[in-house]
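Paired with chain B in one complex and with chain C in the other, chain A is shared by the two complexes that follow.
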Partner chain A sequence: MRMTDYPPALILLVGVIILPMLKGRTRWAVAFALPVLALADAWAAIEVGANSFVPFMGMTLNPVHVHAATPAFATVFGIMVLGGLLYALNQKRESELPAACLYAGGAMGVLFSGDLISMFIFWEVMTLGSTVLIWLGRRKDSYGAGMRYFGMHAAGGVLLLIGIIIVIAQRIQAGDPAPLEFRHFDSMVQGWSTLSWSSAGMWLILLGMLVNAGAPPFSSWIPDSYPQGSSTGTVFLSAFTTKTAVFTLLTAFAGVEVVIYFGLYMAIYGVIYGILENDIRRLLSYSLVNQVGFMLVGIGIGTHLAIDGATGHAFAHIIYKALLFMGAGSVLFATGRTKMNQLGGLYKSMPVTMWCMIIGGLAISGFPLTSGFTSKSMVVQAIVDESARMAELGQSHTYLIVTWFLFEAATAGVFIDACVKLTWFVFFQKDSGLRPPEVPWNMRAAMIGFAAICIFLGIFPGPLYAILPFKAEAAEYAKVIYSVDHVMIMVGMLFFAGLSFFVLLPLMKRTETITLDLDWIWRRFIPKFWRDVVTPVLDQLNAAQKAVLEWFPGNGNESDLPTVVRRRLPGSWAVSVPVFMITAMLLIYLVVYFWLLPTQAA
Partner chain B sequence: MELIHKNLPALIVVLPLCMGLLTAIVGRRGLGWWMAMATNSAVLAMAGQLLWNVMHNGAFEITYQMGSWPAPFGIVYIVDPLNAAVLLVVSIIACVLTLYARKSVASEIQKNRLHFFYALWLFCTTGLLGITITGDAFNLYVLLEISSLSTYTLVALGRSRNRRALTAAINYLVLGSIGANFYLLGIAYLYMVTGSLNIADIRHILETTVFPTWATDAPQYRTTVIVGFAFMAVGLSLKLALFPLHGWLPNAYTYAPSAVSGLLASTATKVGAYVFIRVIFTLVGVNFAFGVLHTETALMVSAGAAIIIGSWLALKQTNLKKMLAYSSIGQIGYITLGFSLNNVNGLTASIIHLFNHALTKGSMFMALGVVVYRLGNARLKDVRGLGRQLPVSMAVFTAGGLGLIGVPLTAGFISKWYLVTGAIQAHRYEMAAIVLFGSLLALMYVWRVVEQIYFGKRDENAPKLKEAPVTMLVPMVLLVAASIYFGIDARASSWVAQTAAELLLGVKA
Partner chain C sequence: MTPEQKKAARIAWVIGLLVLGAIVLVDLGVHHHAHFEKDNITFDTLPEFWPLYGFTAAFVLLIAAKTLAVALKRKDTFYADD
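Then we have the complex of A and B:
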């Protein structure tokens, strides 16, 4: 039983304060206890449908509320923290633990936020935690990447905040009894297609959430920042930010068509850039964008099955993506390398890592008998069902057919990227001569555990389906999931995709390259534009300002340091300018007052 | 006890005044600090008691007649939620800073003048408390001069660290006197019309005899009232350092002793803002100031410019005390914007920001004071890599900085929340945008320093610094903890501020 209605996230956030005070074994014991307690507490809250209200500045916050998708997300977040901790157990760098707690606590908090303000606060807590986690990566570019990450998310947060304020102000004006409530925007979706004042708030909220989801044109923050974390830090990073965004989009924007297109773009983008990539952790980041794209498609379709699919896919994805990042982290840990052209032939000395990565790779490609299959095929089925329904109604459903086609193409693509290419270049191909020892037991245990979950959910999807938002539809779907045509289509498609990889192998060999992305705009173009165009203009303006200031009596260059004996006191030291200002202000006030000379009674 | 309770409104001003005189005479050999500390603690207790009394008094008002002379003839002290809150701000800051001043001031001022410092310190407190509590417009001017004159001297005492303090003090003296005299002239004009100096009485006479004839062919004293109000508005804008009349502020804050910077930044301009609110909402009435004369437009333009230009200039400073000074100019913009919106949320934002900003800025000046205490200076390059050497002070600075930006869970967020809601309610979307843009600028200038503190590399040959003595750490940690507490649980502060705002606007019966 829960004592009071505090948010379950608080348990994790407490860790931020306690963990730095502890040392050694106690520290780890507490670190493991926190997510277990948080998970237990989250489930206690879910079981009783906890709902608590806190008065705040004349309004009511609702920091504990169970949304439809909360159970699945809370469960996987809890599992994720445990797995990540186990994986990090042999790390010397214990300063990551509090940061990870802050990060996971923020993410968990968002899941239980029943109002927009609490959601925003936890959202920002999450940004803070993840930024620190990137900095703690202590790689060559960690600091810069962390700064760019923080800048991107702070900007996204500002959009979100402005949007929230506008929406709340509108709801108050419309006499909404619960103006702060974090709920689906269905009552406001009518004015969607045109950007007007009435829907501006929602657009801004959508945009703020999409920034965190890694939607275009903001996708590049993921491959830019995640590979800069430490081998353990990136495992945490891969789990929370984007999936929390998926959760909020799912709760607020399910069935909004525009989300489909963002999702499709991400799915394709992730595959193409993934094929061009050489660094394993960057490649995994690209495939992360691709997978989140699949979830957004599910959200955009918005039928019950699609929502279940997106939720289930987020669940499965967190597990196998963390597994893949753990594998990549193990390779980094053992060899100190992450570039594919410097790796190869590791299958002899790191068999456990290899098998785990293969299972993760199969899961991400949605191979039958893995968790990716049981979750992703649900989204596919939802696309097909919706398309059929619209055809029956005689409505245009071409976009759904195109969606289906691109979706399947991207599925094949991710199989090439994250499964075949990754394992081939890292563990097989040429022998790089590296014979690193297998990683320590805790890393292996974490990987094996997550791989086991991938397989288990692939064979017995029941437990996962039981915590999805729409249990009935999921249970119905569970009966047909392993039908012959589902399996045959998938296996056939993946077989040919794999075949094409080996046929095109010479083209797939990677070298040290940099791939141009949209982030070129703000990393190169804007700085250059600033330097070559804006700065000269500003210089001119400064010169003009200086000339004006020098013309003022008693003003001069601030850099001559004043001494009391100097007669001409320069810059901010002159009394004459402020006195002139006072007189001028009085004049302005009087002129304005008499000009407005009132005719009506006071 | 009964006697003390009945005379609280008078005691809160008289006690520091008498103790100030006493300190100047017998306060040598460190006794001065003890006297100041004892006095300010007592004042804090009294201010807390007054706020409690007024908030739990059905009428939300306590009137005290000096020497039992009735209202329009004698001086009355009136306590309502607004000035009780300001009294509490002033006394909290004064008390906490006195504790801080012990070590800090001793290192910045010659030993044989310390008792004068504490005497002036108490006079300054007297003036600020008196301005806040008095219900008499002329008495307010007298107390304004008491606090200002002692402040000029306090700033000048910074000269043993940097001789520019003298120039800054002279500048401040010239401009401050002009400001105060403008206010006095304004009162004089109103006195010509109404024949009264009592704030409530002036309002009553204006409402009953002057305004009703306003629109007729032969308006009585229309010109006189308008000119008087214009003088007061300009004079008070200067006292509160509202852009573009902020010229005196940066140097005065920068070159004053650290404790004085903290006191000035947290209380002097806040009291100025309080007087401005009082003049607009209580003395002449909002129907006249905003409804007829549309002063809110001028105030909003000034406030918007203050937010943007103040924050922008803060971004360009290398002297960190000056950076905080310019940031204060921006924050004054927020306060002014709040009451110029003329709705409950805006006014609540102003009042709550008076309190929140005092906590935030006070703690930040104190944290920089530690750097000054150890190094004699606080430039951007001085704090490079100090995160490890002065962990507590720099953490306080950072937390305070977060409050300036208005990050959620800090007090600054609460103020900005009310301010933006108020601006949207008043359909001033451009002002809401300016507030948010100001936060972005604040993020930039705070981050610039935080980055140096935690990520900058300390020079090889730079001296290793020790964390400040406990008497300096405790006050700033207290303030910053309070600013975070009131960011998380704003029930008490927003209750007081909202009640005060509703009373000023006449929404609450």
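Then we have the complex of A and C:
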């Protein structure tokens, strides 16, 4: 077998085993070598269009396959691991590196998965790695947040798996020659609005992926879990889970209209919750949701330029979002604080961190000369083009016009959030009296490097455009991106959005508060409902059952009951739940079996 | 605020307003094209539309957030006692 027959992810996964055995400089040398090798291998595979198949439990898996968006995502994942490692060089937590390798390895694996089973396996590897990274944050709520994160992603994974099984079964039934293949679900583009058995599997896959993307009602797992990582761990966390979800949505569901609405909700939600947030890393998590929302809008539009835009934006986003989390991590590292009401006046003692965060903030807002401008503009233009096309065909497209104006408003919003507000409250505002030294050289180097990429891609988007799925469209767009009209739209809009913030500054006073989200339902309402309503009712039923049994003549005493009955009394609960679950599973099996098999035979 | 900080704040406001003024002036001379011409939506070509849109959008979002906060704001230890 050639090297390109193995998934590049394996190189990163090797790190999980060997890094814990190494010490000192060797450890770091190996840690840096792994992403470089993985990136080289990924590009070797991309260049030859590698496609390898492996027999596994009677199926033929396709763990190496190059999708349209694989080159851009694989490249930025590699750069991200390198930058994250450099940033973590002075980190003492020994287990964080292997966990990061597991996480990045899973993410890299998804990019090259040509079949749904491999994709699912790598998807779950990623969940494991990221959960460990959250736990290793060792902050007050890291354990709980990690458990909630794992629960959420395990549930999303189950949806994904059931969806995959249904889709594969349906494809086998339809005589599909490649039933396992991970490819675009064409039929969802027109058929998303009709729920039927034939689209059920695809819907479940879509929902499973949307959970990982942070779509509603599950957006809150991002601000809940990412800020619980360590100052270095959160940098890795910000990069892979949501962007892998973007990659899979892009590959499987491009052009599915409903994705636009999820994206639009996220874009606005991220801004509004970010405005109210006091913790810098939670604020950045909200703006992450906002940015993934922009990518989802691009995916939902689904034209060539929109797909380029979503891919390019994911690339740019990983860099500037990691940069912003590095800045926040540096503030945490230097001061031990992340709450804005306890920070302020750091501009003098941490100038490098400040300037890097400002560059990251400008990039996230799509300011001209930054990577956000050259990537997000493609999605914006794609909405306009698609609307014009539909207008010509006489199709209803008002939703696109509304989407476009809301999209621009959310851009103004994220500027006041992640750029103006963050800079103002952390580095200026009042003097908090903190005079921490600037962070160590490696953390500064990582931040400066990523800030340089943000600006480089803003001025020379060519190298990024050259690895996008539809190079020709992107190159065509590159010619008009820096028109005076376009630049002035962004400059005017963003600067005046900033003015709005300072006009309303008295309202923006920071308080030690959070804003309730839909996760209140399962973190507070359901547990309380269970404790205060369901449990008392069950206790009553138990008492009633006991009373009935006692009523039987001769059975007044519990010890007089037959052994079988007596055994059941205290433990009746423990048995009934599994029995119910087994019955439910058998029922589902029966339904699926009867539904699928007869038609297959016919 | 100390007197120096007050002075710095005043300078920052002056510089900021000068930049905003410059943007307003430049925008007068820029021809903005309509994004949805086929739908006869042309208000986005009006001079100073984009600065106004940015200001208004941010203003509305900030006020919307503060309104939402009235109902949904809790101490950040809200879930800690679970």
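The criterion applied here is as follows: the second predicted complex is superposed on the first by the 531 of 602 C-alpha atoms of A that agree within 3 Å, B and C clash if a C-alpha of one lies under 4 Å from a C-alpha of the other, contacts with A are read in each partner's own complex, and residues count from 1 in each chain.
Rule of thumb we're sticking to: contacts are C-beta pairs under 8 Å (C-beta built on N, C-alpha and C of every residue); 3 or more make two chains touch, one makes a residue touch a chain.
Quantities reported herein were computed from a predicted structural model and do not represent experimental measurements.
Engineer: Output check: A:Lys348 vs chain B and chain C. Expected answer is one of first, second, both, neither. What do you get?
Structural biologist: So A:Lys348 meets neither chain B nor chain C here.
Engineer: Quick check for you: in the superposed arrangement, does A:Pro578 touch first (chain B), second (chain C), both or neither?
Structural biologist: first
Engineer: Touching A:Ala169 in the superposition: chain B (first), chain C (second), both, neither?
Structural biologist: After superposing on A, A:Ala169 lies in contact with chain B but is clear of chain C.
Engineer: Touching A:Met493, do we find chain B (first), chain C (second), both, or neither?
Structural biologist: It touches chain C, and chain B stays clear.
Engineer: After the superposition on A, what does A:Ala154 contact: first (chain B), second (chain C), both or neither?
Structural biologist: The first partner, chain B, only.
Engineer: Comparing chain C with chain B, which touches more residues belonging to chain A?
Structural biologist: The larger set of chain A residues in touch belongs to C.
Engineer: Residue by residue on chain A, keep only those touching chain B in one complex and chain C in the other, then list them.
Structural biologist: none
Engineer: Please output the residues of chain A touching chain C within their complex, sorted ascending.
Structural biologist: Going through chain A, the ones touching chain C are 140-141, 268, 271-273, 275-276, 278-279, 384, 387-388, 391-392, 401, 404, 408-409, 412-413, 415-416, 431, 484-485, 488-489, 491-504, 507-508, 511-517, 523-524, 527.
Engineer: Across the complex, what residues on chain B touch chain A?
Structural biologist: Where chain B meets chain A, its residues are 163-164, 166-167, 170-171, 174-175, 178-179, 182, 211-212, 214-215, 222, 226-227, 229-231, 233-234, 237-238, 244-245, 247-248, 250-251, 285, 287-288, 291-294, 298, 407-409, 414, 417-418, 420-421, 424-425, 432, 436, 440, 443, 455, 490-491, 494, 498.
Engineer: Using the touch definition up top, name the residues of chain C that touch chain A in the complex.
Structural biologist: Touching chain A from chain C are residues 5, 16, 19-20, 23, 26-27, 30-33, 35-39, 41, 48, 50-66, 68-69, 72-76, 78-80, 82.
Engineer: Applying the document's contact rule, which stretches of chain A touch chain B when the two form their complex?
Structural biologist: Listed in rising order, the residues are 55-58, 120-121, 124, 143, 154, 158, 161-162, 165-166, 168-169, 562-564, 569, 572-573, 575, 577-579, 581-582, 585-586, 588-590, 592-594, 596-602.
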